[in-house]
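Let me give you the structure first, and then I'll get to my questions.
Letters are used for the chains, namely A, B, C and D, taken in the order the chains are written, and counting of residues starts over at 1 for each.
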Amino acid sequence: MLIVMRTDASQDQIAAIVNRVEIHGLIAHLSHGEERTVIGVVGDGRPYQYHEQFLHLPGVERIVPISPPYKLASRDFIPENSHFPIDGIEIGGPGVVIIAGPCSVESREQILEVAQAVREAGAHALRGGAYKPRTSPYSFQGLGEKGLQYLAEARQATGLPIVTEVMSTEQVQVIAEYADVLQIGARNMHNYSLLHGAGASQHPILLKRGMAATIEELLMAAEYILSHSNRRVILCERGIRTFETTTRNTTDINAIPVLKALTHLPVILDPSHSTGNWQYVEAVARAGIAAGADGLIIEVHNNPAEALSDGGQSLRPERFATLVCQVKAIAEAIDRTVASNENSHPPLSIPAEVGS
Amino acid sequence: MLIVMRTDASQDQIAAIVNRVEIHGLIAHLSHGEERTVIGVVGDGRPYQYHEQFLHLPGVERIVPISPPYKLASRDFIPENSHFPIDGIEIGGPGVVIIAGPCSVESREQILEVAQAVREAGAHALRGGAYKPRTSPYSFQGLGEKGLQYLAEARQATGLPIVTEVMSTEQVQVIAEYADVLQIGARNMHNYSLLHGAGASQHPILLKRGMAATIEELLMAAEYILSHSNRRVILCERGIRTFETTTRNTTDINAIPVLKALTHLPVILDPSHSTGNWQYVEAVARAGIAAGADGLIIEVHNNPAEALSDGGQSLRPERFATLVCQVKAIAEAIDRTVASNENSHPPLSIPAEVGS
Amino acid sequence: MLIVMRTDASQDQIAAIVNRVEIHGLIAHLSHGEERTVIGVVGDGRPYQYHEQFLHLPGVERIVPISPPYKLASRDFIPENSHFPIDGIEIGGPGVVIIAGPCSVESREQILEVAQAVREAGAHALRGGAYKPRTSPYSFQGLGEKGLQYLAEARQATGLPIVTEVMSTEQVQVIAEYADVLQIGARNMHNYSLLHGAGASQHPILLKRGMAATIEELLMAAEYILSHSNRRVILCERGIRTFETTTRNTTDINAIPVLKALTHLPVILDPSHSTGNWQYVEAVARAGIAAGADGLIIEVHNNPAEALSDGGQSLRPERFATLVCQVKAIAEAIDRTVASNENSHPPLSIPAEVGS
Amino acid sequence: MLIVMRTDASQDQIAAIVNRVEIHGLIAHLSHGEERTVIGVVGDGRPYQYHEQFLHLPGVERIVPISPPYKLASRDFIPENSHFPIDGIEIGGPGVVIIAGPCSVESREQILEVAQAVREAGAHALRGGAYKPRTSPYSFQGLGEKGLQYLAEARQATGLPIVTEVMSTEQVQVIAEYADVLQIGARNMHNYSLLHGAGASQHPILLKRGMAATIEELLMAAEYILSHSNRRVILCERGIRTFETTTRNTTDINAIPVLKALTHLPVILDPSHSTGNWQYVEAVARAGIAAGADGLIIEVHNNPAEALSDGGQSLRPERFATLVCQVKAIAEAIDRTVASNENSHPPLSIPAEVGS
């Protein structure tokens, strides 16, 4: 880090800073400019520990961090792309991965029907919430473990691995029993208890960016998980909160190439939440792949007008099928592919009462 | 709510919407404008349940909510200011309440020394974190239950009630044993499991606004707690995230009069986090009281340059004492007061090895 | 518009509002909900004129606009895509248009060399600033009319039409003599004098979104130009200002499909400004086309490290040529094309001292 | 400035940077950290000229500016508060200055009546727009020079100096004939032609912060004016655009102490625009003074429900009079004053047909 001194800092104040730097076992490099002195601090493996403290010392104007505060998530640490299989589907490699399904699991019939539909359209994994974070305590809060059981049935029926959200540390164990990937939602990106708990489970984690989180903070949240030697972290851009109100969030499409430059972890886009409106999902999904995302997570509902949550941003299965075709075309235009979902475990049997 | 139809919506589409409104047991009022029809929906006690669903119906352009989605927190529901005592200190009444203390409890000596100092300066309650949410997994994470014990000692020594942060549902019980007020931090404002758990404890709750939370979302989070018949909720503005970077956050001073207009709950300001820099804390603290806040929560550290967290935004005790005098002058200018902290439980005994 | 009354509004207050609505020659529709009355106002061709005034009347809680405040820019007004030629190059049709060139015209040699390079790479028009809006009064402010003359030479040499920025009403006439398209920059999107002056020139206008302008405000700015019966307006998304700082701006990729839904005007993307970093320009340019943009405007410099402005976001000609190939592939993947730039006026002669 | 090299930068790349630094006549200081080398550049009086260029050189990760880009506006340059009289009223000194009046001049009667009312309430200067920047081309655009004449009459009648907005360079001369202070509005803060034109007039300038302008950019805009040796610049915080929508803008109250720390120029607050709602104007006005602002500019209208612009944020004269009393109390609480407006030129005569 660098300590920028005030223009009126005295020689004594500078000497006191240098002294304190050395007390911490670090080395100070002075650079005397025309207007102010800058003190470079070397050897500070985790300099963010000291930032705030130096800010209070006499003569200090501000602190400039130099090294990023994350290590394990950094491309400086692991230069090559991380890639790993989720139940046979490789993520982070050349193939683009598509995760799809309803916002919430609402019933056995619903999840089986949607699972079947997205599998036929080409999806590689099934999403669906059993525990739902809702802004209002009066909204549908999810089916809980019953929902997890329905998801397990859907996996058995379609062979699709399951991605579902975990909202608190207590849920980690039960959800890990049913799900292939634990999702940490945008509202919990700063929930450090949960990051620790999910990381310790050694399950693959889909980590969504908080709606006001910087890219650096997203990488710091990933660092919590990685610090448990759990390397299977998928980052997900899902829109940030800005002044623009025609869409629910603003898709930070820049984040795709920026993240791919800063980290080795796979990066996917959630155009359903990043727009909040089904009409814009296809355009933004295509944009995400064109920008270099390793995958998409998309809300699909068989009857959006009856959905218990987020129906307005869900695609109907037939539009989703069209979107998969568009995504394939875009992926090929940039020399990537959308793998066949035949690689997933073969569906065992489809319950008689459901079909399409 | 209102359903705004597209300019090209057909009579059949309008009829289908009306039909669906009535299926839900609601009443539809049609208003045919020159360009488009608007359908008013009446009887929708919890209309936000339906928003998303109507958005998908043919001919619908957008949905406009009319009633606020919160009820128990609303001034429409409870017109008078809510006020309640915290260990003898009234909050929400004419007196302005000042909560002060370090970001983290770092040691027995530190918390006792700071507690003594803020009490002498006139503070009414002591803050201090035993469990800390930290952006980095490598930063100091708090002393845990040992920190709670030190806080209890500080209460015994000074008579000041304790405000401390709870980060997960599992911590609620132990923290409720030691603390007078449970704080839910900005990063957890959307952590619904925690809101439920803290609400159920029946302890007073200090609820901080999330850094990207709208005022409506803050009131919805309060609604979670209030729905447990726990009426003792204190709302706290602590700065929001914007494009401006000279301060860590942007103090939304407008939120003070807006919240006072929308809700009956007490509203306080945290100028330490809302500026992130001790140099600006005094000015913004004064502004908060001038704008009508019911109190302040301020970071004070006996040695900010050695603080293990957030030292850069902490005031030294002597500056805090000056600030309390300024706050008194401002409070009197708007016909409020800063009550004497002699009302708090008398300090029992001050441990021999600590003093000031 | 709708006038939402307070829950405690009296019958007299409601009657007074209705009376005032009728005084304005408008019609009031009442909808009595359980909690509050909503008054629909019909016949208000330009309702935004009245918004503020009703807000002050007793019993009024808030005003909800229903019709968008723009008319001429709206798809409700003109359902089909507007498309028009710029010196032979069609914009707004199936072909994707690429505008490229340096941030500033720095010298005759520089602009001729870059013009030649972008033409060979496939660009359809040449950009370059003769008058520059600069944050600092100490920065290079542009070559002025001399820069316009060099641009004219570059057009003659390459056949590429010229896009250049106009910063004030006085400049409109002289720039209109040299340029094919007048650009109104992000900083001037709210400069209404300039919008009127540029609109009156009857030249095609490239209108950039202000860095904190909503999509609705961008359309209102276009309305200023359209109100001069100047239909040739190209809208440009160039990034908005948000809390994220790893890129200079945040590309609002959602704005592409949203604008295509709301307006008939052509929409292009400026990935150079929307990222502010050449490393991310290619990914975001591809994303823009995938999302449905009608074109791109991209900064290209023959020697970015020597550029007098915005060198850090400029591509070298060889990377730009690669990008054009990528854009073609993406355009084809969504059934669009990148037209050959042979349709532009044939280059007349290339000055002997410049070449590549 | 500092040039931060990539972790994989080679010795040759570092040497090439140093070489280029020296070509510019600057001095390079190297600091070799554990992970990366940082090159301090000394002697760079205007380093922002070079930022972008170095960003393109091989091995460079990013550029960190050290000195602020503004000079004349900085407290480093002029440590003492700048203060100067406006027609006898001192601004920037211990007295708090209150500017009040309608958004727009609508008629002779209106401006005379409001001027009289705000003078009696204690205002020191009269505001009122003759030329109006309006989002919609269909909204009232101001009375133009006729409005200026009415303002001059109001000054004659009340003795209050006049503050009015200038929207383009052509208007500077005529407005300077009538007005005592030229206002540059938020939408024009980045209109550099206008900043030059207004600065050259040598009139006092009230410069409003753009709605998405950083504090640094506001100071850079002031630098444009100061570079014309026009030292009489008043900065005005008027709210910034954020995600919060219950108020039209978010009052950045932090900006008051931050600006007072960074610059010697007087700083005032516009609570009418920063909230956009008359109900919140008083609370935020008080907050501004408590935070250290040197003055206020407030919209007052004799009949807000009939106002042709911004009626919803205007105070009635009687509420404004109450506010002035509150501001006096707050000012005294922080050892400042609100000077009597008897110091202003004595009113000459009040036209017979107007009074109150």
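The rule we apply is simple: contacts are C-beta pairs under 8 Å (C-beta built on N, C-alpha and C of every residue); 3 or more make two chains touch, one makes a residue touch a chain.
Keep in mind that this is a model prediction, so the values were computed, not measured.
**Q** Centre to centre, using CA atoms, which chain is the farthest one from subunit A?
**A** D
**Q** Based only on mean CA positions, could you tell me how far subunit B sits from subunit D in angstrom?
**A** Result: the chain centres lie 32 Å from each other.
**Q** Take the average of all CA coordinates in subunit C, do the same for subunit D, and state the distance between these two points in whole angstrom.
**A** Inter-chain centre distance comes to 27 Å.
**Q** Starting from the mean Cα coordinates of subunit A and subunit D, work out the distance between those two points in Å.
**A** Centre-to-centre distance between subunit A and subunit D: 40 Å.
**Q** Which positions in subunit C are in touch with at least two other chains?
**A** In subunit C, the residues touching two or more other chains are 212, 241-243, 245.
**Q** Which word fits how the chains touch one another: line, ring, star, complete or other?
**A** It is complete, because no pair of chains fails to touch.
**Q** In their complex, what parts of subunit A are in touch with subunit B?
**A** Those residues of subunit A that touch subunit B are 20, 46, 48-49, 51-57, 69-70, 133-141, 167-170, 187-188, 190-196, 210-212, 217, 220, 223-224, 227, 241, 277-278, 304-307, 309-314.
**Q** Touching subunit C in the complex: which residues of subunit B?
**A** Residues of subunit B touching subunit C: 2, 4, 7-8, 29, 31-36, 38, 40, 42-43, 45, 64, 66-67, 76, 241-243, 245.
**Q** Which residues of subunit D touch subunit B once you look at their complex with the stated criterion?
**A** Residues in contact with subunit B: 212, 214-216, 240, 242-247, 250-258, 260-262, 274-275, 279-280, 283-284, 286-292, 326, 329-330, 332-334.
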